[in-house]
Amino acid sequence: MTEPLLSVRDLSKHYASHGTRLTILKDISFDIGKGEVVGLVGESGSGKTTIGRSVLRLVEPSAGNVRFDGVELTGLSPSAMRRMRPRMQYIFQDPFASLSPRMTIGEILTEGLKIQRIGTRAERMERARIALEQVDLPAEAINRYAHEFSGGQRQRIGIARALTLTPELIVADEPVSALDVSIQAQVINLLRDLQQQLGLTMLFISHDLAVVEYICDRVIVLYLGRIMEIAASGDLYARPQHPYTRALLSAIPSTDVGAKRERQVLKGEIPSPANPPSGCVFRTRCPHAIEACGQAAPELREVAPGHFKACIRDDIPLGAMP
Amino acid sequence: FTRPAQSATLSGGFDVGPGGFQGNFNPLAATAGFTWLSIYFEPLVAYDAKLQKTVGVLASSYEISPDQLTYAFKLADAKWHDGKPFTANDAKFTIGLAKNAKTGSVLAARLSPVSAVEAPDEHTLVIKLSAPSASLIDTLTKVMMLPEHALSSIPADQLAKSPWWSTSPIGTGAFKFTKYVNDQYVELAANTDYRGGKPALEKIINRYFADPAAAIAALRAGEIQFTYVDSNDVPTFKDDTSFQVIEGNSFVVNYLGFNHESPIWKDLRVRQAVMHAINRDAIIQSLYGGAAKPANCAYVADQLVPKDIDPYAYDPEKAKALLKEAGWDEINGGKPITLLTYYTTPLATNVLAAVQAMLAQVGINVVPRAVDAPTYNSIVLKPDADISQFQLVYAGLQNGPDAGSINVGLNEKQIPPAGPNVVRARIPDLTAALDTALAEPDAAKRDERYRQVCKVMNSQLPWGTLWVANRYGVVSTKVKDFVWTPAPGGGPYEADPQHWSIAE
Amino acid sequence: MQSAEPVLAIQGLKTIFRIRGGDVTAVNDVDLTVGAGETVALVGESGSGKSVTSLSVMRLLTRNIGSIAAGSIRLRRKDGSGHDLVTLTDEEMRDIRGDDIGMVFQEPMSSLNPVYTIGDQIAEPIRIHRGATRKAAMATAVSLLESVGIPDAKRRAGQYPHELSGGMRQRATIAMALACDPTLLIADEPTTALDVTIQAQILDLLLKLQRERGMAILFVTHNLGVVAQIAHRVAVMYTGRIVEEGPVGEVFSNPKHPYTKGLLASMPRLGDATRMKQAGEKLAAIPGVVPSLVNMPSGCTFAPRCQFAIEACRKAVPALEPVGPLHKSRCIRWREI
Amino acid sequence: MLTFSLRRLAIGIGMLLALSMLIFLLLRLTPGDPIDAYIDPNIPLSPADLAELRSRLGLDQPLPVQYLAWLQQALTGNLGYSIKRMDQPVLGLVLSRIGPTILLMGTALVISIIVGIATGIVSAVRRNSVTDVSFSVLALAGISSPAFLSALIGLYVFAVRLNWMPSGGMLTPGEPFSVLDLLHHLILPACLLAVAQAALIMRYMRASLLEVLNQDYVRTARAKGVIEFWVIVKHALRNALLPVVTLIGSTIGLAIGGAIFIESVFNWPGMGLLLVDSVETRDYPVIMGATLIIGACVIVVNLLTDMTYAVIDPRIKVG
Amino acid sequence: MLARTPTRSPGPLARALDRFLINRAAVFGVCLALPVLAMILSYPLWWTFKPNDIDLLAMNSGPSSKHVFGTDGVGRDVFARVMEGGRISLLVAVASTLLSAIIGFLFGAVSALAGRWADAVGMRFVDLVMTLPPVIFLLVLASIAGTGIWPTVLVISLLSWPLLARMVRARLLELRERDFVIAARGMGAGLPHLLFRHGLPNSIDILVVYATLQIANAILLEAGLSFLGLGIAPPAASWGNMLNAARSTAVLEQYPWQWLFPGGALILAVLAINFIGDGLRDAFDPRAELN
């Protein structure tokens, strides 16, 4: 591999809450190559958003570092960071909350250019128009307010805003999960088209494994702030290695009524970050947990080319789901 | 609820008067409120109810030596409320306390001429002066006798803080202190052993009112039988047969004080113009309801005012002419002049509005500014005062019953910080006249001297004297033999509370 | 499986809302039956009227803004008597709520009262409808918690909603809905707010409870996968109307309405997505947006987004026609699909 | 809980310290000092006397020295003596006023809470009905009337004209203490004071209940077959009380400083009156002492409000 | 493709206005306030008497065709004084509201947006000011500032801003975590941009509602200050100091027109403003924004 565009090393994040320490992320390391789309999946509260925001330094990581195109972001001065910002942008989950209700679409789309003092007013408006076109919205939308648009349209506006600054990296945080089923497909298609046209590098966060499979080259599976498995997406779905990934995949209800698959229902719930289990954090819900799982946190190791997992057991056969 | 019968109890707002300090029980520190304090404490001497002459109270008689340096008092046969006899030693002790500023006494300065106090026997007190003082007797009316046996153990500088004053004070008066209920009222009970006879009332209660309207409400509701009232509230009671309005001279002259350090008043004609510009009769008639007398100097008592002084009749044309002569436009132009006052009553507010309007008619542009007393004092008493803050003041100063009391406001020697000559009057004639009057040992000649003071004031106009207003109390007609005089500074005078009674 | 008389039979239900500028019809001409031991799923996009339908059954629409304008809702009560819920008085309706019909809502956090313990809230319907004492009701509540799979139920009963995780809260609301052993359970998106692993747990639980108790379930969701997993029959709603209805297997394998077809096609399928990606296939999105209630197109409301639409579609609202023995579709061109 | 209380205590003490500094500074910025207030132009004091008085009160020292001297005394629990009433220690003076203030405020508060919450509930439940509109208009009128005017008019109407109530004070002078007598004096000022407060509570209650009635758990309660009365009283009210408690908490805090207008018109010997009086006479020790004690009360009330929250809402953990 | 018809779209303010106009009480408030305001502003043009013209011969006379509201204790026309008092009271109210709104907004917004330290220090200060008993604060401030329009404005402002600061802070703390603000930060926005491009527009409802209700409050506060002898000093007229005349029992009882009219004007104005404020509050209700 050539030098990755984004390289995250040993990223950790803690919050203090009522005197206890919450470990939200622990020793997260991964790379994203130029033009690559990497998926980040995991249950609610597993730290997906926190990773996405730490990467852009919208949240200050507690430890570890993030390199973007060879530049160490952590530790960059505020003004240097401000200069870096146009190169990486964020797309939000909630299409209602992510657009200011008090700005017109034009103002929303030119905001970043204005902040970065790019171009004249007219040039900025022109750029906004182009961005609208890129997301298949009519140009007259520019004078309207967000509330006049449906969820899918708003999500397109959110994407357009990210595009105005011509970023190289986009962090898309569950961009379709708030949308209706019939609209989701429109937005996914759009994102994929844009990614391919513009050669964008993307960190795609989602809890919908099917969507991730469709859009991502590689997938990172997260559980309680720790990486469980990383693999190329085809590989991961065909041969999930980690018991958690397997459970996750099997929990997804399918519309194939005939083929009632053997399902594995995990017992219990995701533990609290305030007191995570010792050793492997998944062991409390893992059907294959053995005593050794409680000893030490398992290393992320390569079990097949490009396929990493953090599980000490290699002896669980693929079909072995109780 | 039925109101409990209070036949032998008289309630009132006694200690609500001009400058009256509520809840002050220490006569040494009292600057007013003696009408009330003298119901249970007594001074050696007091004025009569008309405030014309002094009479003995605890002193049955007194003599002044011809050189005016020795005062000998014969003391009455009185007893303290705890039964112990009142003796000359008590009197000596009390004067000692009053002379000692450490006790917080406000009389210390005025007693400074006293060089020695002797008690040759139980019933004789001799006070020796270092120099004659015309106002010593006046001062002594305010010195309430205090029991040596109760207070001698308290160090002088702790005396003011002693709880004795508000819990168990004993005096020699017709009533005994029984209790003080926190800012509500003070209750006195009859002193059945009183040397002047057993009081007719069983109790006297002084209630405190924060708002004059509340006192009037209580009076009309029958909860109290007496209170001091503002003159504009008098009409409320005029036609009411269950109340009697008591009217009296306040002895306080209200004046417009020209700041003599301000260049704008330097010219006498300007000051005269102010006098001519104000229609005092109209203000007295309408705003005071006729209850004031115009004053053309600080005095109003007939014997002190010469007949031939300038009445400064209302004459706006003359005022304008005088201003023109003086070149008023050059002196001040149209700039507003702050008219500083500490009077905040509705009446004063109206008066100042009228004065402002009248002065405006002749081209003198004043703007009243009412501040609270401490602010006023801090502005006017500052040695290096800022002239622009008080080019003109509206104030009052008492001129009786001791006519000499006016001295402090006008004598050049009393310019702050030395004294309260806040207008900084530097008029040699006036200073000389005042000095002469005060030094006059012969009481008979003194009036003449004061007439001279009046004359100088009238012609030189250190102040623009306006009027002396009447003061009012309202008492229920059920109350008999009640004596109340709106004495300046709150008395004391011969009120004979032992005779007061109340009809069923 | 279905007994002769269904537990719930909705006929011609029309529910309107009064909003500024006039009335809007949120639910129109809905017919739906649910038999004992049967699970019927109501699917459709946000705003299609699923919740309004279920609230209409409960008669829980706020009186001054929403009301049932037409139709009947017949319910077979536990004692076998049948009632038209639309005509019941408020008191009679109150007797039925929580007793004959239990309801589970979407948001497990906000549908529990934050200031009372779980036990209290579960015991409440028992005390109201059974007149049980506090203690007895509490004991029942604990056993209910156990039956919905909450470990350490006694302790949990004394806890407040915020002290429980999302999955446990939803179990608690299910326990609450089941407290009086209702004949009908209405579940309005009970798993939408939950993670997939928890969703699987809850679905399993519902299936188990239905097996044990034999109640009828009206299951509202927008997740077709969930429908496939839990329901016997499915009704697809679009803009307030049912557009297709039938046994789940048949509807999913052989949809007869373009909207249902579009929905099924627009979801990437697990395992198949890699192939699509590699083949460069796009997802089959339904173009356009759902029309708003105030601005409804005439005729078939799906016509503006429909690739099969013809002129006739825009003329009149199509009827819900039978397209198979138990299968109905509201499309005039269902044969071509 | 303990650590919470301790932390709040520490913050409270810091706050009081800052408060005392601030008020000390403000006082020295006010024109005139206690001696200026003491002077009666008719009874002149010599400059020496004035200087003596000032130095006895420490007023001639530099500011920080004065403050530290005060602080040092205050830390030993001695707040000094009133300057105006030299025989009264500040602590006693202030404490003797706190009782009547709490009595008056407490009564007014109880009245206003009962009236405000009851009318607020009725208004919310009967939203937009004639009752609701008339309650709301009355409430607004109550909030819109200046306190001193209603006090004066109340005094005039009920005490002078109708003679139903005593015109002021806390007890009938000269009579032995009786609770009835106290109540008789209390009721009019307390009611007048309660008017605006009740109006405010009513409006908060109404808004908050309307909001809560839209919540999912209210719908859940109805879905369980709970009758409407209990839906409101049991399920909605407790949740709706939170913002009302905040409001009440913050107004108690303010009220301890006194309702100057009512107190002065009804001659109620409370804190407000004491404060007006001591500011007028620049009675520094009393102002400082009163500020501190009131500040302490406010801090305690805030703490109590927070604890009340925790009682009403188990989500809020104290600690 | 657009959700609505492609005519000119109403912005958030326009929609709020829309909602405001259907609120009957609020419109009633406006109908009450506007004529009063017009009268107050224009009275010198059509009214014969000046507020400070005294006429000692016609004092304390009741309402008549000449003096429609009667005259006061020095024979000034009460109507002219009510009008003039309205001018001053409203000026004081509006100016103090503006001043306190500016202070309160800046304080609250900077606290919320400028980081933990600014927040901690700022809020401790607000706590401090709020712990200070308002009576003392009022009295002491007023005796420092003195009487007159501008000192009164200052006193009222200094007393009122902390409340707004808290409200603005609470709103912006929440706003700070909103996605569109994070998006702005993600594009490199600094404090001034957040303050004025996001903070201000998103607090506008709070500010407007605060402003209206504070105007009502300030009128009452001014009246209270005047009652204590602070505030607007006579002979300048303000509703507060005119009401102050009712302290005199004679005026209260015998010349009621001297306080009834300013009192009525004051209550009417405050009531109208409160109605408007309520309407604005509902119009700006964030929940109404959703549909």
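Annotations for the structure displayed:
As written, the chain order gives the labels A, B, C, D and E, with residue 1 at the start of each chain.
Following the convention adopted for this analysis, contacts are C-beta pairs under 8 Å (C-beta built on N, C-alpha and C of every residue); 3 or more make two chains touch, one makes a residue touch a chain.
Protein names from UniProt, one per chain: A = Methionine import ATP-binding protein metN; C = Dipeptide transport ATP-binding protein dppD; D = Oligopeptide transport system permease protein appB; E = Peptide permease protein BRA0407.
Just so you know, these numbers come straight off a predicted model, no measurement behind them.
Between subunit B and subunit E, the least number of touch steps comes to 1. With centres computed as the average of Cα coordinates, no chain lies farther from subunit A than B. For this structure, the chains sharing the highest number of C-beta contacts are B-D. Distance from the centre of subunit C peaks at B, each centre being the average of the chain's Cα atoms. Our note on geometry: subunit C versus subunit E, Cα centroid distance of 51 Å, whole angstroms. Centroids of subunit B and subunit C (each the mean of its C-alpha atoms) stand 90 Å apart. Touching of two or more other chains is recorded for residues 211, 213, 217, 371-372, 375 of subunit B. Subunit A has residues 150, 153 in contact with two or more other chains. For subunit C, residues touching at least two other chains, in rising order: 289. Of all the residues in subunit A, the ones that touch subunit E in their complex are 53, 56, 58, 81-83, 85-86, 88-90, 92-94, 97-104, 108, 111-112, 115-116, 137-138, 140-141, 143-145, 147-150, 153, 158, 161, 165.
Contacts from subunit D toward subunit B in the complex involve residues 30-34, 36-50, 52-53, 56, 81, 84-89, 96-97, 152, 155-156, 159-160, 163, 166-175, 180, 184, 263-267, 269, 273-274, 276-277, 280-282.
On the subunit D side of its complex with subunit C, the touching residues are 215-217, 219-227, 235, 238-239, 312-315. Note for the complex: subunit E touches subunit A at residues 1-4, 6, 8-12, 178-180, 182-190, 193, 197-198, 201-202, 204, 289. For subunit B in complex with subunit E, the touching residues are 211-213, 216-217, 230, 232-233, 235-236, 279, 282-283, 285-287, 344, 346, 349-350, 352-354, 356-357, 368-372, 375.
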